[in-house]
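Letters are used for the chains, namely A, B and C, taken in the order the chains are written, and counting of residues starts over at 1 for each.
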């Protein structure tokens, strides 16, 4: 109960932020009536999905300050669990998704235990390695469709149990609901004991240890929370796309994108991942559809995208939210 | 027999891996940065030899210096125009920054050269092989191994015997002390990037004799290089040499074992899984690197 | 059995023996000073006790419990708080949040933690700076925050690594007062490394002296300043004459 109150309590934010959140929420709720074209709806769904991924990453990567670059493996676990259980045993989404989360969390403990013995670059590279190993396995494992991936059976009629709808609007509202659950959870998380401890770990590991914090255990907990978030998103991807393969769910570039969006928006802030996704997802999509398709210009879209990453890393590593905060501080 | 053959082939590949990883470890030693774009330097080294061969019919072996120069210039340009600015930020921004550079170079190559797979089909050594007793070596791989060893030796000599090289090593050991001794850190960084780019560019020039060049080829090799650098102990030159050999051998020998015991999971598709797993296990068990030379 | 017992601690950094066979005991409620020239091994000894280093050999016992080889968070939970000689100047958390992390050591509830933290801050007269970030504060206040953070974990033994260095005489006076108060009112046993001789001699009931990794003396402050080995190693003739 206390926790729920904390999750819904945004009173420590400034007035401007609270008003922004309300306007943004109204926009999200009414979007299918005002803005919807099928392309914009797809972009919005992607935006919400990546916000969710980013919020998850933010626990370990943002608050905990760990350069975690292997989140894609949990997208893979979430989406493959949902897809395979549906194909093999016709298990409804509402059963398979929680199982996917459990598997992701279990797996994250197994991986996290050795992983968090490592620090710095060793850690960052090891996270990539673990993710690529899983992709390598799925790429070659015929039972799960290998590199070809798997298609989910398409039902003739919309089916809530299996999350199959004709219109994207339903998917939109579903991911929006997940987004809000994620947002409220993160609002609680940042005020929780673990949230404080992680921030201390990020600031000064030695001091954190001297204050009775079991650093490794804290990191593992945050890592598994992040993994759960990402697995939920993965499960959604399976029912939304109705087709998954290792390349779209476990690629290194997906891991990087997840971390990047949170970073770009502003790591360790509640709004950061949302801002980052709001910026990068449309950019990615529109650049792709405007430039990527033109003959002779293949690659230009990603060059612009990469150029932006380079500029932000060099000039504003604290992200867009960092810039805003700077202005606000100057205002004081 | 199979195993002996795999061992020899593995050593040749391992020598090349060592050269690929050398620059990464030098850069890491001097400035504590992990360069994601390292594989793209390799990729552009491959292309430079490929195009020299394609347009001017220069033999890939003779065009090799071109790849080294292209790589070195690329390293210098990256350092002065980009990496320098990253240094002010936190480690995570540096990782993302070099990742951005990696993406940029990949798609730049895609834009210029398209996504086609390209391999050199004519050259002094291409397609020829040498048989020694029961073993058959491709000349291209043999040359790659031997020239890698030579290049490695030259850089090793440079780092340990010349004044600049010693200054570089001093910076690598202790930046602050080095700067008190009047060593200019900025210049050392630039030299590290030139060496890093040059060696890996040359490795690309060797690789393109028997491996396809395509815009995304770098990621595979940069992961191997990461593994080698970590196994050798970040910043250790000797370490990376032996780690390269080890990874080369592992990569060749596991499929053979797999074949012998009839297991698909050690099959050729998984050879990099083996490398990643080896990396993961070894750094967890021995976080100071396999050989722990740095300390 | 004493409150804290250190027996035959050896710490060898690859040939450099930073602690060589050091033994001593501290009783509950004492204030003990640890002195010695730069590089004598004082910080290393602290680190061996609280678990940042694992001693090569030797044994540390705290309240009847063998804590040798414990991790720092475990020794903290067992009741040992410590401050750092060099406090990292961080930018991520306010003073209040820093101290709250300390209180979270003993509670899971945020409001309780916040209350405790405010209490500690009030006690150390730090209320005014509670919303500042560490990097925005002068060094004297930074050190006090480090102390507050450690206090918030409710230690029975508090180990302070040069809390007073870099402070001016008035500030030192304040710290001395504070330490005495913590010791008498809160019953916290204090173990402090200090370079400022006037302060150690004034505040400590007993002093331990290290030199080149060895314990060269232990005793009452008045005896220590007269001890020949100590004078040779550390204090210098001048100081001894001055007293």
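Here is the rule we use: a residue touches a chain if its C-beta (ideal position, glycine included) is under 8 Å from a C-beta of that chain, and two chains touch if they have at least 3 such contacts.
None of these values were measured; they are calculated from a predicted model.
Shown here, the protein chains touch in a chain-like sequence that does not close on itself. Compare each chain's C-alpha centroid with the centroid of every protein C-alpha atom shown, and the nearest one belongs to A. Taking each chain's centre as the average of its CA atoms, subunit A and subunit C sit 43 Å apart. Our note on geometry: subunit A versus subunit B, Cα centroid distance of 32 Å, whole angstroms. For the pair subunit B and subunit C, the distance between C-alpha centroids works out to 49 Å. Residue positions of subunit A touching 2 or more other chains: none.
For subunit C, no residue reaches two or more other chains under the stated contact definition.
Subunit A contributes residues 61, 65, 67, 69, 114-115, 117-118, 120-122, 124-126, 128-130, 132-133, 136-137, 139-140, 252-253, 256, 259-260, 263, 267, 297-303, 305-310, 312-315, 317 to its touches with subunit B in the complex. Taken together, the subunit C residues at the contact with subunit A in this complex read 50, 52, 71-73, 76-77, 81-82, 84, 87-88, 90-93, 97-98, 100-102, 104-105, 108, 110, 113, 146, 149-150, 152-153. Contacts from subunit B toward subunit A in the complex involve residues 28, 34, 82, 85-86, 89-97, 99-104, 106-111, 114-115, 215, 219, 223, 226-227, 230, 234, 264, 267, 269-270, 272-273, 276-277, 279-280, 283-284, 287. The residues of subunit A lying in touch with subunit C in their complex are 6, 191-193, 196-197, 199-200, 202-204, 206-215, 268.
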